[in-house]
Structures are given as structure tokens and as C-alpha cells.
Amino acid sequence: MKKKSNKPKSITENGEREAPFRLLLAVLLSALAAGLGYAVLSLPSPPPGLSSHVAANLETSGVSNPVTAVLLNFRGYDTLLELGVLLLALLGVWSLGVAPEHHEPPPGPVLDMLTRLLAPLLILVAGYLLWVGAHAPGGAFQAGSVLAAAGVLLLLTGWRPGAGFSGLPLRITLAAGLGVFVVVGVVLMLLGGRLLEYPPSFAGALILLIEAAATLSIGTTLAALFLGGRPEAGPRR
Amino acid sequence: MPWLHWGVIAIVLPLAGAMSCFLWPRRAIPLGLVTALGIVTCVAGLGWQLVEQGAQRYAVGGWGAPLGIDLYADGLSLLMLMATAAVGLGVSIYSIGYFNREKARYFWPLWMFLWAALNALFLSADIFNLYVTLELLGLAAVALVALAGGAEALTGAMRYLLVSLLGSLFYLLGVALLYHSFGSVDIAILAARVESSPAVWAAVGLISAGLLLKTALFPLHFWLPSTHASAPAPVSALLSALVVKASFYILLRLWLEIFPPTSAVLGQLLALLGATAVLWGGLQALRQTRLKMLIAYSTVAQLGYLFLAFPLASITGWTGALYMLLSHAVAKTAIFMAAGNILYFGGHDRIADLDRVVQRLPLTVTAFALAGASIMGLPPSGGFIAKWLLLEAAIRSGQWWWGGILILGGLLSAAWVFKVVGYAFTRSRAPHESRAVPVGMEWSALAMSMVAILLGLFASWPLALMEIGLPFGGKGAE
Amino acid sequence: MNLLQSAFDSLLGFALLWLAWRALASPDLFRAIVLFVAFGLLMALAWVRLDAPDIALAEVAIGAGLTGALLLGALARLKPEGVTKPTHEEKEQ
Amino acid sequence: MSWDTGMPLLVLASSLLPGLVIFFLPEERIVTRTTLNLAGATLKLALVGVMIWGALYGHHYETRLPILPGLDLVLRADPLSILFVALSSILWLVTTIYAIGYLEGSPNRSRFFGFFSLCVTATVGVALAGNLITFLLFYELLTLVTYPLIVHRGTEVARRAGRTYLIYTIAGGTLLLLGTVWLYTLAGSLDFTARGFLSGLGGAHHTALVIIFVLLIGGLGVKAALIPLHGWLPQAMVAPAPVSALLHAVAVVKAGAFGIMRVVYDVYGIQFAATLGVTLPLAIVAAVTIIYGSMRALFQDDLKRRLAFSTVSQVAYIVLGIAIVGPVATIGGLVHLVHQGVMKITLFFCAGNLAETLGIHKVSEMNGVGRRMPWTMAAFTIGTFGMIGAPPLAGFISKWYLGVGALDGGQGWVVFILAGSSLLNAGYFLPILYAAWFKAPPDSWPAERSFGRRETAWALLAPPVVTALLTLAAGLLASAPFSPLQWARFITTLEYAL
Amino acid sequence: MIPAVLYALVGMGLFALGLFALIVHTHLLRKILAINVMASGVFLVLVALAARTRGAVPDPVPHAMVITGIVVAVSATALALALMLRVSAETGRAELPEEPLE
């Protein structure tokens, strides 16, 4: 980036920067990549990761899939903030303006049919992924994004949330993931623990509760992001 | 109440505030204000807790590092939190009048997210968690800049977003190398295990580059002026006062704790860039024709000061840099608020046509002048104390030339402050279209500038807080 | 077996770099996005090779699927730009 | 907080608070503003009186506020500060009355009197400062609050003068800051102490101490208008007359001279400064400034510019007295701080009266003005004779002590400087007097305003008459207790441990 | 060469490649693609280095981090695309004006 600001601005016709500059940059970045590659190769060979710590505490984490245990329990605070990032991105998109008009032609019969079939299936898959995440690959994020895929398909066929849903109910759905996470964390604090310190006997249930809310929010948020703006306030078309 | 940790509430509360502002946008202003007051209370509570018990470590989820994420609060984080609370409260009050109904719906939740990100960042002891907070911070800041609308602000926001993401990726790659070198992302554990190796050096380079890009240290400052100048005034204040400081804070933390002790050359390099920033930013500020652009360039210059402490590596030097950060945060907030008032009143911020506007806003000009006095480091002001400490550290370490940079920078700031303030004393009586500035906007600007001055009279108190947990005590000791 | 694996890994690595390069260098934006989605799918394969099925799932769903949808949606709205060939996308919709 | 610790703060507050209130007063609240102004000035004078009385009875007035580890803001009443505080609070009262009369009916008066009060607050702070950092604080504050007074008229010329003033003074403040910080790193203390606190450092830091001395004197010399740092002073003449009076006699120039006094006597100590070899160069700079200022004054037709160059020259007398090692010269320097203030303020009041009443700005317009404005010109005459050093006026006392002190300190050449300067003084003042009293008045004055039977407004006439009488009294009653001379003698016994 | 390290090297390559494209291209959509390629590179490094011991269960912590990272990346991409559309609507071009060079 530094180079960019120092370089005289001359842009070739197809919107790219001139050749000598590109060459210089390529050389510099190759050197960077080589240096980073050397750094990687020089790393100590036995990876000193946290596998043993995770394994030792998996028992009390409430789930048996180590990745889910890290995401929702050991480093659950990261995930909490990350749900914040997701909601924040949506807020940002909404603050930029109303969702653009949907001016594509109505979907052909094939897509329409496909959607009718796929959407429920995807929702089922999402539910399965959410449930299975406790002990096998899967979890809230994967489930949420499959849910979002169903939403995107519906949006592509011209479906829009009803006026009754696009107000507070929609906003509650969007904020549910972060909201439930925060409420669980704080309630545990009020009960005398630390933030997000699940009692081992409830950990599994709490994680499932959080994941369920998160799945719903992630799915809705990602689909809403696809819409590219806030839902119109006025009457629907 | 052993379970009550004020710092945790200071993170959770703004998140809750953001959600409630999002859910009930029509009540965003009262909800936001209540949250702001709550956060200020929490930070005060945390300060009290730290004074009573010393630095605090908090294991989120009860796991503790290295498996879990730890929060850590010492004098350094406390000071950053307090600066955020002071600026945040002022900006909250200012914003009541500044934004119209439609913008307020989005300003408040975004601002609460930004506040949550800042508090989380200053309390985190985990370098991956810091990455998440950085992203939260960056996205919130970008969305806030875009709130101004218009081509200038939108391109500014877009450029800022790309820069912010790029910086985060550099940082994250550095984190990856550190994790795989030492098997932890906890700062304290890394500090204990760190030893020099090519991977560590690569990580230091990547993390520094990413954070310097976000901190806009010369010559990576190219994105800052247009972004900070085109944002809505309260957002400009937040960006200049707090957001760029957040990445500086991480850099400082890592520098003090993790980076290999042999990074003296890097320290000299940073100070050299900082010195260039001071002079370059100051000169550019003088050349600007638009007030907010001028102020934004002054931020580039003021950020340069912070890096002068790196080669001095003494407690006095670090304290001076941190005090510079604090007083610049408060003073620059006041100045951006004053500029916002001028823009609101007269509809433009062309410096050459300021005379008619400035004379009608005596409180705003006073705020500008008082905060300006702090920026140029005149006594009694926070800026003066900071300059004094940095000068003292420079002379004591025998590197007096960094002191010379401080002096020159102060003169350059004086030049632009008086260039603007001078318009208050012209005799223009020409009629001018104007819009009355809400009382809260004028008084919050004045209040912030008063805080900048008071920081010069009651410096011993924040300086004592800074010492909690001896953040500069280890490697930084003389 | 081992040799085969190594060969596969090398091929996959090379393919990743090549696809990324093609996606970023393609003069046609629509093509670039399609190549990027393909790149995402190959990334998922790489995650599987690295014993990271969770990430592979997330990558397929988010990295390739949703990001691709977002990119295509944005491109469709960029139409008046004229950088892309309009006929191309009409067909794909 | 007891009375003894609160007293210096009260003295500051007596002008600070009225000043802050005045800022918020609407233009038309003339009575309230005037009342506040006069009440503040009178109260300050009374408080200073109490402080002098208390100091005699062994009260130790000191306020401390820690700002940095090991470094406090200190306000303290020692004999030297009392000398300056008394001078500035007396002259402030007089100047306030004058300014009320002078600015009647002009715009932005609330702003003016607000900054006017802050200006005096800063001056009193400079006087009471108990260490170098406190001094620096108020010295810089003085810069800031006098700027609006200089540009008050808002004209292009005024703004240019203001810019020049800022460039000079901010650069000076920077030098002072640099010197102060450096000194602090060497000495670890900044508290003013009679006979200085540096003598212990001795030879190890000889060069550093000399450089610091140059930095400090350079920073202070800007405000004291020492050559070559005097350029701002003649330009600042565009300010309204009460401001000029304040700049030249009470606040800015005096703050510089007073600061040099502090540095030489209470930071370095005069004996130690002499062993460092810095006093003679300072004396030479002062001597050059004396002659140069007088020479320039000789050729100015603008009355206020002539007075300004006269100030350049006269303030250098104070510095000369400081720089000559020996108690008698010190007395001369100290007493001239007061005497020059009283005399110069008289002259500026008179110049302001001529401009306000008759529209006279130039020396060449003053023919026969003595007949039109006898009281004003009588006061002016006393002031000029004082400046020239004619006995029995205040100026004579100063020059006598300076001359004797120079011989005493083995600096015989100074006598020639004094003599030459007196001749030059006479050269630029006597023609004015001759023209005013003995030439025939013109048919009409440039811009005459009528004040009924009086020659000018009461508020404009009383102040110069009072200060002229003070000039007379300071000379005639020099040996009375509490006279400036006796107080200067007392300070000198402390500084030389006599 | 252990395959895991190979993937890490590919990750570094993707990082550099993305950076190159980010700087060279002016169209915002390409810049956004480039950022995503860089992100993929970083994630690859993070996970690949955890899988260096052959046969052992890989460290799940970087896996969780990468999932976090992917979600962050898609959020940022969505915001960037929306912003790009607004920029292009406002200025008529989906490009940044050249940096205001001093």
C-alpha cells in the first residue's frame, strides 16, 4: 500500500497500473512470500498446540466435538464477539440504504420448482447440522449458513418477508444469537460464576440453546445481507 | 461482591445497548445515553477495583489461559478505558443534537458496538481475541463513516474498510506464526516463552505492519485524512481520538510484553517515521483549505508523537506517550466537535470564509482555542504534561533530537490553531446564512476542551493510575 | 499411496494458486467470481486434506456458497458500470 | 486550606473570576461590567496589601499543587514577587479605570475586559510563581490572553501585529520550555531559592548550564524585548492605548524582565552566574539594547512608536542592573522595574488621551497641545523628565543606583552607556515638550471631541495624573519605608546574603 | 516435504498473490476478491501448521479460529459489497479515486 501512494498515478486503459510498477511490486511481494515461507519452514517441528489441553477438558465441556467445544465453550467469548461482528455488518449494510428493487424477471418454473423442493430440505439439513455439531463436524455456523442458503433461494425466487415480519420480529430474530449468548453469559455471572462459565452438568444444554439461537440468527442475517439493504418500511409491492 | 467484575460489564453493557438500540430504534437516544452512563460507571468501578486490588486477570468461562481467553486490566488498559469513557460520554451528548432522526437510528447501535469493541480490545489479554475486537472495531468505524453519505464519505469509508481489513489480515498472519511457535495466544504466556527466531521476526514484522497501517503512521497514513475529514463530526472525533489509538495500544502492549528485547533498531525506525509524521502532518495541516481536513492532518502529526517514545524506552517516555494519547484524545474530540459546530452553523468549513461563522460561536471558538492549546502543548494542559515528560525522557536518554521534533511539532500546531482562531477577531459584518447550533453541541465541545486543560492541572492522578500493575515496569525500566 | 497423496497435495496446492491467480486476473468480472467460487470449493478440499471437516463444511456453505451469492448479487446490481458484458450475466441468471 | 495557603489563590481569583463572568455579560450590561472590573481590581489591591502586611508579620504564603511526580505548581509570596505583585495590582486598578473611559461606546467590550482581567491574572501568576514550571505556565498563559487584546481592533494591521507577536512569543516560550526541562533533568528541582540552587552542580555541567542560561534568557528576552528579539513590540502599538500601557508597563515586557531577574538571582544565583561567565554578555546585550532603542526612538514620528522604542531601551536598564554583579546595581535594576512601569504607563495614558480627544497620533501634530490639554501634558512632562533621569523623579533614583553600582562592580563603561542614553532620551523627549508647550497650536486638531469644560473625560484624565504623582512620590519619598527603593534594598540583602 | 507445510506455503503464496491483486487492481470488486483470497491464505497457514504431526488428531483451536475468521470475512465482504454499490451509485464508478496525493 505504501508503494501505491508513492507511485505516480497512471492507469492503463483496463484500469490497471502500469507495467514497471507491477513488476517491481511483484518482485517485492515474491520476496515477502519467500521470507514468510522461510519463517514457516523454520518453525519448531513438533507443533506445540493446545490439543492436549482441549482433550483433557473435553469431558466437562458439554460436547464431544473438540471444534465445537473450542468455539462455544473454551473460546466462546470469541464467538460471542463474532456474532456481534455479524450483526454489526448487517447494521452497516442497513445504514447504507434500502434494499434495491428486485428487478429481475420472475424465476422460471425450474428454479421455482427447485426452490420449493430445496428450501425445506435445506432447513432440515440445517437442523441436522446443528444437532450433530455436538459430537461430529457441524454446528451453528454451518447450520446457519445452510439456513441462509435456503433463504437466499427464496429471495431469488422473489419471496420477501411480510410486512408483519420485517419490523421488530425480524430484528429480534437477527439479534437472537448474540442476545441469547449475552444473556446466558450474564445470568451465569449473576449466579456466581464468571462470564460464560457453564456448570458442567448444564454445559451441553446451554451450548445447544446458544447454538440454536445462533443458527437462526446467522441464517437470517446472512440472507438479509444478501438482500443488500434494509427492508422497505412502506407497504410491500 | 467477588463475582462482580466491572470490566466484564463494561464489555457486555455496550453490546446489550447496541442490541436494544437496534431493536427499538425509535428509543435509540435514551437507550444509548443510559448505556453510556452505565459504561462510565463501570469504568469508574473498574478504576476503583484496580486501585484497591492492583492489576486484575479474569478467565472468561473459567478456563484460563492457554485454553480459554483471559481478560487483563492494569493501569495501561484502565487509562485507555477512561479516555474512551470520557470521549464516549462527550460524543454521546454531542450526538443528540447532531444527527437527525433517521441517522440516529443507525448511529446509536453502531456507536455502541464501537464502544463495546474498544472496551473489549483494551481488556483483552489474548492476541486472537484482539483480532476479533479489531474487526468489530473496524467494521463499526467504517459504517459510522459511511453514515455521512455523499461521495466523499462513501469513498472514504470504502478505502478505510479495505485498509482496515488488510491491516487485520497482516495482524492475523502474525498471530498464526506466534501461535505455532509457542502454542498459545495469551500475551502473558507468550511473554514467558518468547525467544528470537525467524518466525518470530516475521510475526513481529507482520503484526507491526498491520497495526501501523491501522494506526496510520507515516507513510501508511494516506487513508486517514480523507476518511476522518469526511465522516460526521462526532464520528471524526471518535476515529481520531480512539479508533486509531486502539491499534497503537495493541502495538504498545505487544512491544512491551512480547516483542524480542533486541528490537532497538525497530524502535529507532518507528521514531523516525513518527518524527516524519509530526513534521509532514503539521506542514500538510497548514496547507489545507478545509477545516476538517486540517484537523485530520493534525491527527497524522499527533500520532507521530506517540512513536517518539519507542527509542527512549524509559518509564518517563512511555508515560509521556500515553499521556499524549490521552490528552490528544480529549482535545481532538473537542476540536472535531467545534469544527462540527462550525459546519452545522455555517454549512461549510472553508477556512478562508470562516470569519463570519466563527464570530457568532464564541463558545465553540473558545473550545477550539483551549483544545488547541493542549494540542500545541502550552501549559496548563494535558498536552503540555505529555510534552514535558517526553522532552525529559529524550534529554535524559541523551537523544535530544527527538525533543527537537516535539518542539517543532508544537510550533506547527500553534501555527494552524492561531490561523483558525485568528478569524474570531476580524471585523467582518457580512450577513450570513446560518442554522442555530443546539446548546448541547456547543457545551459538550467546551466541556471536552476543559477536560483537556484540567488534565494539565491534575496530572498526578492519571499518572498514578497508569502505574497500576507496572505496565512499563518490566522491559521499560530505566 | 504416500506418493499419490503427495502428488495430490501438490496438485491441489498448485491448483489453488492457479485458480486464485486466474480469478484475480480475469478481465471479466463474472468469470472472476465463478473462478473464485471454484477456488472456494478447492479450499474445502484442502480443509478435508488437513483433517478439518468442520472448516470444510463452513467453507462450502459460507466461503464458496454465500460469498459467491453475495458477489453475484452485487455484480448484478453493478450492471450499468459496463465493465462486464451484460449478456453474460443475463444468461446465467 | 488555611489563609496562608489560600492567599495566593485568592489574589489570582480576584481577577480571574470577574474576568470569566465578564465574558458572558451582554455588551449592554455596562454597569455590571464596570462594577465587576473595579471591584476585582480593588479587591486585588486590598488582598495584596494584606499579603504585604502578613509577610511582615512572618506569614508564609504558599500554595502547592502537585502536577508531576516530584514537581509541584507553586505560588508563593516572597519579597521579589511582592514587589511585582504590588506594582501590577496598583497599575491594574489605574489602567482599568482608564480603559473603561477609553473604550466607552466601542464594540466587543465584554471580550476585551474579559481578556484584560485574564491578562492581569497571568501577570500576577508570573509574579507569584514559586518555581520555573509555574512561571512557565503563567508566562505562556500571558501570551495567549494578550493576543486577543493586541488584535482587538480586528483590522488587517492589528492581525498582522498579532501574528508577529505570536511568532516571537511562542518561539520564546519554546526556548524557555526547553531550558526548563533540561534544567530539571540536571538539577531535579525548579524551586526559586534566594541565591540560586545550581551552585552545587558546579563544573561538571558547565557547558550545559551555559546553554540552558542562553535558552532561558532567550525565551524571556523575547518578552523583555532585548535586541534582537524586540521586533514585535513596536508593531504591537496598533492595540488600543490601555493595552499598550498594560503591555509596556505592567504585564508582558515586565514579565520578561522579571523572569530574567528570577533566573539570574533565584535559579542560578548572581555569584554562580558570574562564575559561569554569563553575566557580562547579558550586560552587553542590555547595553546595546539601551542605545539601539534610544536611537530608533529618535527617528519615530508616530508618538506611540517612539514610546515603544523608548520601552525597548528602558526595560534594558532593568536587565543591565541585573547583569552587573554587585548589590548597588541590583537595587538599581529592581527599583527600575517599578519606576519604569509607573513612568511609562503615564506616557501611554497621555498618548491615548491625545489620540482620543484630539486625534493626535504623531509627534509633528503636537504643537501647542499643552495649552489645549494642560493636565495631560503636565503628567506627560513629569513622565518624560523621569525617563530622562532628572532629579528628584523616580528615574533619577534608578539611574543613580545603576551608575554607582556599575562603578562598584568594576564595570565603568556602563556609566558612559547611561550618560549617552540619557542624552538620547533627552533628544527624543525634549522636542516633544518644547513643541507642546511653546509652539503655537494649529487652527484645528485632527479629530477633536468635546468634553465640556474639562479637557477630556474624567476617567481618561485621572489615571495619568495619579501615575505622574506616583512618579514624583517614588523619587521624593525614596527613603521612606515601603518605598520601591527600600523594598529593593531589602530584596538585595537576601540575594547577596548581606 | 510434509504436506501440511506445503499447504502453509501455498497459504503464504495466496497471501502475497492477494496483496498484489489488491494493490494492482482498481475495481472495487476485484479488491474485495483479493482481500478474500488473502484471508483464505491466512486461514490455510493457521490450520496447516497445526496439522504438521502426521496421523495425530490436529489441534482444534486453530480450526475454531478459522471458522470465526470465515464468518468475520463474509460479514466484511457483505459490508464491502454494499458500500461498493453505494460508491458506484454516488460516483458512477466502482473504483476509488486515486489517493489524494500530497
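First chain written, first letter: the chains are A, B, C, D and E, and each begins at residue 1.
In this section, a contact is a pair of C-beta atoms (placed from the backbone, for glycine too) under 8 Å apart; a residue touches a chain by one contact, two chains touch by 3 or more.
Because the structure is predicted, anything quoted here is derived from the model rather than measured.
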> Suppose you hop from subunit B to any chain it touches, then on again the same way; how many hops at least until you reach subunit D?
Replying inline: 1
> Could you name the chain whose CA centroid falls nearest to the centroid of all protein CA atoms?
Replying inline: B
> If you tally the C-beta contacts for B-E and for C-E, which one comes out higher?
Replying inline: C-E
> Of all chains present, which has the mean Cα position farthest from that of subunit E?
Replying inline: D
> From the C-alpha centre of subunit D to that of subunit E, how far is it in Å?
Replying inline: 68
> Using the average of all C-alpha atoms in each chain as its centre, how far is it in Å between subunit A and subunit B?
Replying inline: 29
>> Between subunit C and subunit D, what distance separates the C-alpha centroids? Give it in angstrom.
In response: 79
> How many angstrom lie between the CA centroids of subunit A and subunit C, rounded to a whole number?
Replying inline: 18
>> By the touch rule stated above, which residues of subunit B touch at least two different other chains?
In response: 128, 132, 135, 139, 142-143, 146, 166, 173, 177, 179-180, 222
>> Which positions in subunit D are in touch with at least two other chains?
In response: none
> Hey, what residues on subunit C touch two or more of the other chains?
Replying inline: 54, 58, 62, 66, 70, 73-74, 77, 83
> Mind giving me all the chain pairs that touch?
Replying inline: A-B, A-C, A-E, B-D, B-E, C-E
>> Can you tell me which positions in subunit B touch subunit D when the two form their complex?
In response: 362, 369, 373, 376, 378-380, 384-385, 387-389, 391-392, 395-396, 403, 407, 410-411, 414, 418, 422, 425-427, 456-460, 463
> Can you list the subunit E residues touching subunit A in their complex?
Replying inline: 5, 8-9, 12-13, 15-17, 19-20, 23-27, 45, 49-50, 52-53, 56-65, 67-68, 70-72, 74-76, 78-79, 81-83, 85-86, 95, 98-99, 101
> In the complex formed with subunit A, which residues of subunit C make contact?
Replying inline: 27, 53-54, 56-58, 61-62, 65-66, 69-70, 73-74, 76-77, 83, 93
> How about subunit D: which of its residues touch subunit B in the complex?
Replying inline: 23, 65-69, 73, 111, 133, 136-137, 140-141, 143-144, 147-148, 151-155, 158-159, 162-163, 166, 170-171, 173-174, 177-178, 181-182, 184-185
> Once bound in the complex, which stretches of subunit B touch subunit E?
Replying inline: 128, 132, 135, 139, 142-143, 146, 150-151, 154-155, 157-159, 161-162, 165-166, 169, 172-173, 176-177, 179-180, 222-223, 225-226, 280, 284
